[in-house]
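The same chain A turns up in both complexes below, where it pairs with chain B and then with chain C.
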Partner chain A sequence: MRRSSSLARPMLLAPGGLLLLVLLLAPMMVLLSYSFAPGGSMRPDFSAGLTFENYISVLGDPFYLAVIGRTMLISLIVTAASLLLGWPLAYFLWRAPARWRTLLTLAVVAPLLISIPVRNYGWMVLLGDQGLINGLLVGASLVEQPLRLMYTNFATVIGLTHVLMPFVVLSVVAALERVPPELLSAAETLGASRLRAILEIALPLSLPGAIGGAALVFCVAVSAYVTPALMGPSGANYATTLIYQQFISTLNWPRGATIAVVLLIITAATLIGLLGFINKRFSRALRGS
Partner chain B sequence: MKDDLTAGYAASRRTFLSGAAGATLTVALPARLRAQSGTIVSTIFGGAFEAAYRRHIVTPFEQAYGAEVILQYGTSAEWVANAMLNADRPEIDVLFLAYPDSIRAVNENLGIVLTPDDVPNVSELHPVWYEDYKRTGVGLDYASWGLTYRTDSGVPAPTSWLDLFKPEYAGRVIVPNLTTSGGFQTLVMMAKLHGGSEDDIEPGFEAMKRLKPSIRKFYLSNPEAGQMMERGDAIIGAMYDNATWYLSDAGKPMQWIIPSEGALVGMVSLHIAHNTRNMELCKAFVNFAISKEANEAFCNEINAGPTNKHAVLSEPAASRVPALQEIIFPDWFKIVEYAPSWIERWNREIVS
Partner chain C sequence: MRVLFPGVIFTIYAFIAAPLIVVIVVSFNSGNVASLPIEGFSLRWYANALETRAFVRALGTSLWLAITATMIAMPIALAAAVAIAQGDFRGRAAMETFFMTPLLVPGLVIGIALLVSFSALQVRDAPLRLLAGHVLIALPYCIRTILASLTRMDRALIEGAQTLGADDFTAFRLITLPLAAPGIIAGTSFAFLQSFGDVPISLFLIDARNATLPITIMSYLEYSVDPTVAAMSSMITIASFAVALVIERLVGLRRALG
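Our next item is the complex of A and B:
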């Protein structure tokens, strides 16, 4: 009996583990190996051994670094915006009367049911030079020329925040579900204002959910392709569009692989650093209270 | 709708992954199944182009030969990558490609030589659509590269490529990014208009730098260009003719013109992979596609130029499609050779 139960765990892990191994780890290894091949070709040639030339040319080139830096900055802004907009929404959902909650949750999740290009096209109708917003601004004589809203980094931030905010809302709601609502009532009974009760009780207790949601948003924002390509400025200005260009247009697979590996490492480091920082602050705050 | 970089942006990340990391996974159909039945795998861009291609070429061929033609979506670049990686056991039997990827395919020797014995209709082609592919591919139809403008914009209609620089259009001009066939053609044309050439691209880059402040966006695909014109984000742009007719026939206030210096040309071509398991059927398919009847019906529907000398266009295509003499042919072999360095320079100097 004991033996079969000790086998149960690996057997439960096997299907998912195998899937990850075959579909994620193996291609990643191929990608990693490409980054050490001489550049300029789509057929890596390892006959002369491994080389660091791609890493030297990518990390030593201000253009590539600027693209990666811009990607990180936009993703961090999107993450912050998703948290700032998503948390109050999640709180509102949590406090809403039960009969409304299904409907409200559906409203939050609804954007996820629509494909990303369609959601982006919706923004184009709003943000375009002849779009709704510019139509109102020009019509009300607030501006003479339409504002350049589309095809900017600002548009990328808007598009990504809209697409990704539900991740924060859902994971914060899940965290708040485990908080007894009486805690807030108790705080108010003891003299705390509603705002103070929210900030000092609901907010810290929801942080694990918020962090999980933020991590998801950040990762998906860094690896987003469609929104920066459709709504962002011209050219390969986002890490993903640059990687795509290296693979598809310049056919420099080793360099594309190198940018992908560098991006992966920076993303992982940012994420680990950020989560570690917030976790530490959070656990200290909890102990202190 | 040539070199439709996007057919679905929805599919972009997926196709990127499949193209790059798992090219062998792209065609899920087992090889055994293909070999047994009369089935070949080919490729296509989505949209209006596909509907006409199926109606006039694929479906009649399937009926005539009792065969099945499976069309795979994506981009030319992905199909060429797939063909190179799977050269021994091709997943795509007949490659349908656009510039510049069709020239890459010729350079990489991805297609068999199509002889008049194997594909009799090659003798009916204009030589340019056969010899230029070193006989390893055949042109299917041509679309012309010129200027599209909004007729309701209140600014004068363009007549020259240099009109793109006019201050009346400033901020509302679109030209393609340097990744599509049109992007290369526009850059080369700008070089030629300013004393340069494919070998001396410097004047082209100088001109694009001067044009940059007027540009609303360096667009990524023909559908995106059409949408930007339709939404009014742009009022003039370098575009393909049939992508414009498609919109103007749907009632959009748009017009396409041949600039006074001449139009350029986009071509899609068919290439048969070496080592395909169904060689005879592939040859029959290519022969059928460039036959007078199929070529004529297909080109009439999409307002494109036929490659078969005997194909006759009817109205409105007849008066819309520029004759071959009105078209400037850039040297695509040189463009393909220089493309990687041009793109790196373009990234830094034009779009960043």
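Our next item is the complex of A and C:
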């Protein structure tokens, strides 16, 4: 029987492993190889050998660099906004009475299950030229002409923050749950104000969760496609819409593959860097709890 | 602080809920545009959504795709989750991470990687291409949710059953499977929703006759402002919340989300 279970384990893992190998790892290798192929078409000619020309042309072209830079900047703003909104919400959920906590958490987390175009659509109704916000602004005579809110980088920031902020809430709540609530009351008993107790106890102890959540939001924002395509300026304004354009309209697959690889390297470096930082800086605090 | 903090929290909840509520409200507009305030109450955009051929066809494609992909992924995920949860071999965490890679790689990158590979292999059948992509979407969600219910399982139960003479399969059938059942149902629901809602992977695998519902909604949004999309979106929102409640009941939504 011992022998059968030691044989069984690899057999149980094999179908899933094989699936990932065939449908994910191998295709990623093919994509990587395309980034080293001579550019300009859908069917690159590999017989000429591999080349760095795509990387040189992408990283040397001010247009591509501007798109990548803009993508990074928007993602950074989205990350900051998600932290700013998500942290107080996480704190609120942590302190909420137990009988309400489940429902209040569900209201934050359940939208994550809804398809992203559906979640963006509400903002299109709110931010459009005839939308609710412009209606109120014009109605209150604050502006004469409707403001152009939709199809801007601002709209992308709003849409992405709405989609991604729950991830910050989830990871900060997880970190706060390891903090004994008595710590805060003890600080207050000793004379600290509520705000000071929060800033000096809850905030530092939640940092690993906040950084983890922020890293996730940044990476997902950089590689988000739906929201920049629906809510942002038209054309290849965002890294992902640029990749889409290279694959579907311009049909320069090697160049599209190159931009994708550059994007992957940036997100991977961010994740590994930040998570490594958390591990190093907070490992004792994490182990201690 | 006493007044400010509740105000801030209320505003953040409003930020989360407003776009979802607005869509539901304008879906009942009797007027011709999806904007507020609505002119009157009407169900005509729901009727219109269910009569628009592009939507009905896309809904059919998306349902077929999500159900089939989840049904293929689930047994594979169950096998892998059981092996991961019951094994005390080293590298278990690495194994778990390995099976989560489809979540770590951006959807758009998976989409173009599959596009490039399928076209190199001359696989042109859109349903087949989509199915491959969606099995990949479903697998990690199934594994993670089953693992969430299995890690609560006491290993002594299995050893007890084996001591009493049960073979591996009997122990699996009588102990592991019932314990994993909530995870299996929750994982199936979760994977179904993720597959149903996907855009960035499907985007590169569809053809003109096999578009998924979220992609059809996206392209409809580019040229039309009437509330038909609002009606379609409201139905998706309500159905997604219902599934979220089921998952919450079975394993807890937060556990399922990782």
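The rule we apply is simple: the second predicted complex is superposed on the first by the 245 of 289 C-alpha atoms of A that agree within 3 Å, B and C clash if a C-alpha of one lies under 4 Å from a C-alpha of the other, contacts with A are read in each partner's own complex, and residues count from 1 in each chain.
In the analysis below, a contact is a pair of C-beta atoms (placed from the backbone, for glycine too) under 8 Å apart; a residue touches a chain by one contact, two chains touch by 3 or more.
Since we're looking at a predicted model, the values are computed, not measured.
The superposition on chain A brings chain B into a clash with chain C. In the superposition on chain A, contact of A:16 is made with chain C only, not with chain B. Judged by the touch definition given at the top, the superposed model places A:180 against neither chain B nor chain C. Once chain A of one complex is fitted onto chain A of the other, the partner contacts of A:191 are absent, as it touches neither chain B nor chain C.
Of the two partner chains placed by the overlay, neither chain B nor chain C lies in contact with A:49. By the document's definition of touching, of the two partners only chain C reaches A:106; chain B does not. When the shared chain is aligned, chain B and chain C each come close enough to touch A:128.
After overlaying the two complexes on the shared chain, residue contacts for A:97 are found with neither chain B nor chain C.
In the superposition on chain A, the chain among chain B and chain C reaching more residues of chain A is C. By the document's definition of touching, of the two partners only chain B reaches A:251; chain C does not. In the superposition on chain A, contact is made by A:236 with chain B only, not with chain C. Between chain B and chain C, the overlap after aligning on chain A sits in one stretch of 110-118, 218-226, 236-244 or 254-262, namely 218-226. Shared contact residues on chain A (touching chain B in one structure, chain C in the other): 27, 30-31, 42, 115-117, 124-125, 128, 130-131, 223, 225-226, 229-230, 240, 243-244, 247-248, 253, 256.
By the touch rule above, chain A contacts chain B in their complex via residues 27, 30-31, 40, 42-43, 63, 66, 115-117, 124-125, 128-131, 150-151, 223, 225-226, 229-230, 233-237, 240, 242-245, 247-253, 256. Listed in rising order, the residues of chain B touching chain A in the complex are 8-10, 12-13, 16-17, 19-22, 75, 77-78, 81, 84, 104, 172, 177-179, 215-220, 224, 227, 231-233, 339-340, 343-344, 346-348, 350-352.
Note for the complex: chain C touches chain A at residues 1, 5, 8-9, 12-13, 15-23, 26, 33-36, 76-77, 79-80, 82-84, 87, 89, 95, 98-99, 101-102, 105-110, 112-117, 119-120, 132-133, 135-136, 139, 143, 162, 167-168, 190, 193-194, 196-200, 203-204, 213-214, 217-218, 221, 229-230, 233, 236-237, 240-241, 243-245, 247-248, 253-254, 257.
Of all residues in chain A, only 1, 4-5, 8-9, 12-13, 15-17, 19-20, 23-28, 30-31, 34, 42, 85, 88-89, 92, 102, 105-126, 128, 130-132, 135, 162, 165-166, 170, 173-174, 194-195, 219-220, 222-223, 225-226, 229-230, 240, 243-244, 247-248, 253, 256-257, 260, 263-264, 267 touch chain C in the complex they form.
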